[in-house]
Every structure is written in C-alpha cells, then in structure tokens.
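In what comes next, subunit A is part of two complexes: it sits with subunit B in the first one and with subunit C in the second one.
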Partner chain A sequence: MNTKPESQSLAAWVEETREGIDSGRFPARAFNDQAVYDLEQERLFSKTWCFLAHESEIPHPGDYVTRYIGNNNLIVARDEHGEIYANLNMCRHRGNVMCKAEMGNASHFRCSYHGWTYKNSGELVGVPYMKEGYEGRLKRKDWGLVRVRVDSYEGLVFGCLDPEAPPLDEYLGGFQFYLDLYLKHGLGGVEVHGPPDHWIADTDWKICTENFAGDGYHTPVAHQWGFHLGYFPSSGSTHSQGWAVSIPGKGHGIGLGHGPNFPPFGGFPDDLVAEMKQSLSPEQVEVFSRTRTAVGSVFPNLSFLMQPFSLEPGEIGVRFVTMRLYHPVGPGRMEMYSWCLVPKNASQEYKKEAYRAYTLAFGQAGTFEQDDFENWTKVTQAAGMTMVRDVDFPYIMGMDSAPDPEFPGPGHAVVPYVNDTNFRNLWSRWADYLAGEA
Partner chain B sequence: MDEISKQPTIERPPVGDVSQYPEQSAEEPIVIANEFADVVIRKVETRNGMRLDIWSPRRGSRILLDAVALDCLTFQEPELISELLERRPAP
Partner chain C sequence: MGEQPVDRDTVSEIQEFMFREALALDERRFRDWLAMLTDDIRYEAPLRVIREGLAVWDLSPTSRIFDDDRQTLEVRIQRLETDFAWAEQPPSQTRHFVTNVLADPGDNPDEYKVHSNCFIYRSRGTSPTPSLYSLSRKDVVRRTEDGWRLARRWAAFDQALINAHNLSILI
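Coming up: the complex of A and B.
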C-alpha cells in the first residue's frame, strides 16, 4: 500500500489518468492505494447505483438481508405489505447496529442497546420510557432509520446514496438488453440458489470488475487446465472469437464469447430453451444463440457470468449463471459475494446440476475462482509496490476497431472478443466519478 | 396516535415466569425465533377445549389464546403489532 499523497497531487493524478485512458494507458497505482480508495468512497460509491440483493433473497414479508454500499451497511427488507426498503443498519438513538444477523425475518427490528423498535420498513414505533424520559419532546416520525433510495430491474434490487442521481433505467443505459441474457431464463425469470458464498480477499475490487467486463484473454491461460482436460468447451485456437460490447459513457461492458461448434442454447434443457425464445426478443435470441460464454459487469461492482461447465470431459456440459458483487473493504482488499442464479421454472434436477457446475468452477472453492484470485491477489500486491507508483498498463487492444454494423444489440460492439474496448470505457467512467464529473 | 396517553396496563402478567410442560407430551413445542426475540409455542388441552400457549422464556411472560382470539388476529393489519410495540419494552 502506498502512502497518502497530497490532495492537490491526487487531483492532478486523476486528470493524468483520464488523459492516459484515451491513449490506452491505465496506472497500476489505482489497484492498491489508500488515497484512491478514499476518493472512491467519497465520489464513486456515494453516487452510483449499487447492487443490494436479488428479490428472491427476500421473497416474503419480513425477510431481510444486510448488504453494503461503499462502507455503509444497509438492511434490505421486504415490509409487511410486500414493499422493499433499504435503510442504514444503525439505530437512530445511539448508533448501535440494528440487525447483527446477515439474513433473517422480522416484522420489527429492536435495538439491543436501549430497545428502540422500528417497523421493518424503517419507521420508529417503540421508544422505552417515552413518556417518563422524553416528556413529549421526541416525535417518532423524525427518528426513523436513515432511508436509502432503491429501484429494481428484473429482480435485481439496487440502492443509491445520491438523491440527485438519475434513475436506475437511465443509469443502466441499455445494458438491460444484456442483463436479460442472465435473468430471463424462462418465463418465470431466475432465482438465487441459496445464500451467497462470501469471503475476504486481498484483491482490489476493480480487478474483478474489469475481468468480468469481458476478459476472454485470460481464460485459455489462467484456466488452461479446463481447456486441456475438456471441462470447459472451448479451444485455445478459437477462443478469441466473439463480441465485446460496452455502453459508452456508462461503464458497463460484456464479453460474448463464441464457440464455432457450440450449439445454440447448448447446456440448457429443451423446455427451458422454448421458454427463453419467448422471454427474449428476437435480437436477444440472435445474440444468445451464438454465445457460449457471456461475462459482463454493471458499473461499478456487480458482475455476471454464464458459461457451460462439464463434469464429463469432452461433453457440452451444463450452463450455469453466477452473479458476483465486489465489496471494497480497504485499499487492495475486498469482500466477494458470489451467487448462483437458476431459472425459476426449471426442474429441481437441472437446478441442482447447474449449482453443481457453478460450485465446481466458482464460489470460494471453485476451480476457476481459485485460478483467478491467485492472479488477482498478486496483481494487487504488485500495485502496492513503491516502484510501481508511476507504472502504467497497456489498454490498447481494439483502439482502432470500428463497431460491428451487423450487431443487433445496443451499445458499442466490436470483434474480436479479446479486446480492451470495454475496459477503456470502464476506466473512463471510473475516472469521471473520481474527478467529480459524473 | 397520542404519544402521552399510552399506559402500561400491568407490571407483570399473572401467569407465566415458569411454564410447566407435560413430561409425557408427544408433541414437541415449536420455537419461533429471530435475532430480536424468541418464543415457545404449544397447544394446550383444557378440560373442555384447547388454547395456544405462547411463552417468552427471556421475559417469563405468557399468553393463552383461544380460537376466537386467534381468529381475530388473522384479520388484523400489521400496524396493530406496531402499536402494541409502542408500549414499554418489558412487562
């Protein structure tokens, strides 16, 4: 970890970084630095829409989970009337943590310090010794839990700390087209398969966001065993094929990897494929049917991956979806949340198979996950070295690529899949926020 | 809601700091718990009928609800419970 520089030099560094991105350079220092981390907390996580929970994690009245936006711990709860609210997980009386459990069901939250009691929507209802102690001076309506703005898309619940930020739809800016490839698996949509795996890693959150914004480049190397042994149906000679799509000015990006011999919708049961052809638009079906791997990031720190993984070497395998959130907990340090999403309408048998494929490849003990974190932790360590302070990395793949005119979806689509276009868009948006110009 | 007029009715309910469970009972009591409270629930046979016994081990408080009381709970709004929680926090 580097030492904290003067604030003036930090502002200058942000400006230099913005200029560098345009010419395909990005500084290593961004991935492990106290001052950069602090600036992200202040200017980025306080402004962006951040993922909180999937609606299927809190399906019934009173269900709640606790999640983070930046360094703020929030209670995300469904109230007794079915509405979803997010409130700061802090009692308004003396600041104690309200919900110490990460998930549960409660009609009311009661503070363990002095007993202030709130509805699960956040309104204050119970104040011990109200009459004797406060003598009519305390108005309960003024002292509810601190509320956070929420909005949702296809079951994904997001929160935003900035009351002035544009609505979620505008923030996603057309990336919904690609989110549907993960979320509209059948007419019933998707649900989480159990609570998320989560763990602390000495890795900067941005490395994960970048990787999942479409880094097909690392796959044949970092995960080469999967190719060689036949667990992952792709080939080193063709793995560069596919599209890289970004939403200019928004930071979101997705890699859509093709496999020349991979069958359309391969790895899904037939009845589900029939439903997917109804739940997706013809343009989405065209993109989907050519896609073996879809790996995308919603700016700033939510990602999705859909890919097949086979238990039998040489087979097509089972297609699974993982959703992941990279919660920053310090410079070069994060808490990883990893979910498996399964189609609600699929058979129990398919859900189990998809979850098995997910756990073999991803989650804390997943094989691909371990390959990645080994690399990402080393990158983070390197980024904290003194000599690396002024070292840039090249982001020049696809600098001169023209958008593919045949591509049927929104955004800026280029070929091949192995490309830095999405990453330049990601870092450009990140730098806009750090400069206070987003 | 008048913030001032709410009065606790009694300092301690007349039943319940020790709940007697029948040793030979075939039915296991049901425990409903979250991070804020826990209660033990049991069906109780009286000579001429039955009641639902809700016991709070932490408080030692207990209530025995018959079918009419339970039936009337089924059509209350969630706000009723919020109103009850406006009272003092312990018996």
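Coming up: the complex of A and C.
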C-alpha cells in the first residue's frame, strides 16, 4: 500500500489530486471527508453558479421557495414586478430565520423576533420603534436582506455568491446547446410537474453529479432489472453506443446514448416532435433525434435525465425528463431534490403519462433511483474508511479518444458513450476550484 | 359523520384485513399482497411540503412519491422477483404497525373508507439505525365475492424531508 504521511497538508493533497486526474486517477477520499467538504464550502460553492429554482415553481408575484447554495439558506422570490430575487434567509437585525416554509406566497417577510419587515425583493421597509429607538441613525436602505446574484437560462434560475464570478452565460460555456433538449422540447418551454421529491441520504453529492454527467457504464448492471424484464427500450449489449460530450474547462458533461433501430425522437408524441423541430436548431435536431437517453450534469450539482420508459415490455415507451439538485449537508451526506419537467403546452394525457413513468423510474421510490442510491450510499460509506485515504480510482476509460470531427454540437464529443472523458473534465474543474484557481 | 355507523362485525373484518395485508408485506409475500388488491387499485402517496399555517395545501395536489395502479405495482413486484433489485439485496426488514383503524361507509355499497395510522420500522443489513416512517392512511376497501380487497391506498408521510436513501419498500 502506498502510505502517505498523515501530515500531508490538504493543499498538497489537492495539488496531487489535480495532477492525478491528468493521468486518469482520482482519490476515493474525495467522496467522504470532512476537510474536503469544508474546502468545497469555502472555495467551490462560494464561487460557482448554483441552481436555485425553475421559474415555473414561482410563477406569480410573491411566490417564493427556500433553497440553498452551500450551507446558505436563501429565499428565492418573485416580486410584485415579476423580477426574481435571491436573499439570505436571515434577518439583518439579529439573524433570525425570516421564512420557515419551503414554498408559498408573500408580499413581505416579517421577522418573528423584533418585527423587522422586508419586501419579498429583500428591501427593508418596516422597523418597529424606528423614531423612538434609532433616532434617525438607522438607514433602511443599508439594512436590506443580504442579496445574492441571480441569472437564468430558459427558466432555470441560478445564484452565485461571488460578485466577481463571470456571468452565467460564460459559466455554462456552450452547454446550453444540450440543456435545450430538456428545456425546449416543446414550443412553450417546460414547467415543473409539482414540488420536488425531497429526501436526505448518506451519499456524497459528487457521486450523483458524476453519474449524471454521462455514466452509461452503470446502466446495464445497476438497472439490469429494466433490461431483463424488457421495460427499458435497449439492451445491455448495445448500450454503449452514442456520444459522451463535455465542455472542456467548465466541468459540464452529457451522455447521449443511442439505441440500434430506435426511431428518431422515439417515445415522444408526434405533435411534440413537430414542435421540437421548430424550437431546436438543425444541429440540435441532428444530435437529439438519435438520442435515446440523455443524461447530463451542470457543474457542480444540477443534473438532468431524459429517457423513455415502457410499461409494456419491448415497446418504445414514454419519454420523461427529470431534473435533480444534490445539496451537500455534510461529508458524505446530501439532500436530494428531484423534479419532473413536462412540456408546458403538451396534452394533459402526455403530462400524466410522463409523470407516471417518472415516478415509477425516479424519485425516492423510483425503481431506477432506488438502486442508484443503494450503490451511491455504499460507495460513500466505503470512501469513509481510513484505509481508503490512500486509494485512487481509475479514470482511464477513453484516455486517448479523439473528439469526433463530424459532431455538430459544441464541446468535446467522443465515442463510445461508455467513456471517462466527461468525468476527468468534471474532476479537473472541481480540483481547480479546490486549489483556488478557478 | 352523520352517516350510519359501520357495524362492529364489519369493522372487525376490515381491521383483520388491514392487519393481514400488512403481514403479507412484512413477510415479503408480494404475490399474496397483490392478490389483496382490486384490479382498479389506486396506490398513491402525495408529497408533503412545509408551508405556512394558513396555506391552502401542504400535501401537493400534483406531486406523488408513489403514483401507482395495478400495472405499475405489478412492475414493482416483478422487479423484486429478479436477482437485480439491488435496493432490496439484502432485503429490508419491515414491520408495519397499523393502528387507529376507523371505518366509514364508502361511496359504493360494498366499499368502506378506512382511516388508519401506519408506522413502519425498516432496517437494512447490519446497520443498527432503522428508518422510521409515520404515515396517515385513508384507504378504500371493498367487499367482494372472494373476500376483502384494497381498492385505494392513500398514504401521507408525516415528514417533508424523508430520512432514507430510498423507498424500496411498500407502504
């Protein structure tokens, strides 16, 4: 065993990890370690654009949800003018939590401790005993809720704690091309089917991000039951076909799995396919019409999956889209948020079918999700063992694969779908942040 | 209630049916359990959301943890019968504690609305820490020629953020 001295500093470990990724090695320790978790809070979640909410969760003035960036609880609210704001869920007077609900509608938030009152945009408007107590020394405009930068893409609202970070558009760096499959598969865009499934697990958030950045390799094994009984329209032996695409230097990645003889846009109703041909570019249609399974991650902790699921063995089935957020709450522990997205203008019948396929496959009781979390929880548990401190995992699949010159989309596209290229890109970006160099 | 109370013999039969249904789940006799369901079974668990006290709803009108019918429950059971249902390898040990069973007349002559509390103890492997689930159930049971059958299961978790890595068990 390659034993490293206990005294090795975290900075040295991060540097060694960065170098290891280039040669296809990544340390198990990263998945369950207090020091790594603390460094992520300090250097990663304080600088990246993190997903907060889908606009359809807060469609009306005053609608809000409470969400997190790192360990910061935020109120994400739409104000009376339709603008979306994210503010720290903490009263500026003595720090009480302003809003204890997960979602709702409010024009104002009033602190239950001393009564300071804020508009849903975060502006301080009410201070009890203002004249008698503060004698003109308190300026309301100086004591609004602590505001967080927000920006959005096609209904996805992101927040960033770092005022100096590049804009969201640059952060996504071309990954929008792929996000459009999930967000524009219908001329009216998409909406959430309802509030997200929400559960807590002894699982490291990064394992989920990695899996959804295109891990087609696990599918025929982890989800073998689906192939075995014919509910998943592919087969274990042909599952490796398709592309793995990553955005170099940005960390985002997607797996675009193909199925032999799978019809173009199979699993979508015809009217939706017609809409997609209008809402997507010809390059997007070329890539996505061939895609059976699209599984992608926006760095650091937002993922999407679109795939058909069949209730009749052997049939093509119905497509559904899930969006998920992995919120870290401790080393090797996370809160999971899982939504089903449906095309806003689609028929109620398709929305219902898609949601039914989603709940049977994903969500906490979903038959695919159940097995994923079983595996991920066990990986996390193993990563916490002391002997594992010095153990690396191989990330050498597709080490020499050259980008496909014919591929019409942005980023680095390689074949086959079964490939570690996306993951090396993901961990490289992660390590850059931890090294303070992103 | 304002309605004719259900006679004690019927209540007693319904209660016994509920206990036997729970026993089938705990003994992992899933085919026996499926046989206790009507063909038109609705099996759903709405999602709970933490909201302010005066909110119109705190159980989501649209989001479901389980959203099943006979066909999808058959898929779940078929899956458990394969060697690849990793989430239940090794199987969870469950104990359904069904209490506070109240029966009221249903919308059809042979049907009864049954309210019960259900507390589920679930342990996995050698972990000394079980998952605990508390649920409110509002079911519908139907008297058929072949005996009692479950026509609707509606179970709401008493937790919005559920403390378990998955739900590979039935409720």
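One rule holds in what follows: the second predicted complex is superposed on the first by the 430 of 438 C-alpha atoms of A that agree within 3 Å, B and C clash if a C-alpha of one lies under 4 Å from a C-alpha of the other, contacts with A are read in each partner's own complex, and residues count from 1 in each chain.
Here is the rule we use: contacts are C-beta pairs under 8 Å (C-beta built on N, C-alpha and C of every residue); 3 or more make two chains touch, one makes a residue touch a chain.
Since the model is a prediction, treat every value here as computed from it, not as a measurement.
In the superposition on chain A, contact is made by A:104 with both subunit B and subunit C.
Taking subunit A as the reference chain, the count of touched residues is higher for C when subunit B and subunit C are set side by side. Of the two partner chains placed around the shared chain by superposition, subunit B is the only one that A:129 touches, whereas subunit C remains out of contact.
Common to the subunit B and subunit C contact sets on subunit A are residues 100-101, 104, 106. Across the complex, subunit A meets subunit C through its residues 100-104, 106, 193-203, 222, 224-225, 228-229, 231, 311, 335, 355-356, 359-360, 363-365, 367, 369-371, 373-377. If you check the complex, the residues on subunit A that touch subunit B are 61, 80-81, 99-101, 104-110, 115, 117, 119, 123, 125-131, 136, 138-140.
Residues 45, 47, 49-52, 55, 60-68, 71-72, 75-76, 78-79, 82, 84-89, 160-168 of subunit C are the ones touching subunit A in the complex. By the touch criterion stated above, subunit B contacts subunit A in their complex at residues 3-4, 6, 34-37, 78, 81-83, 85-89.
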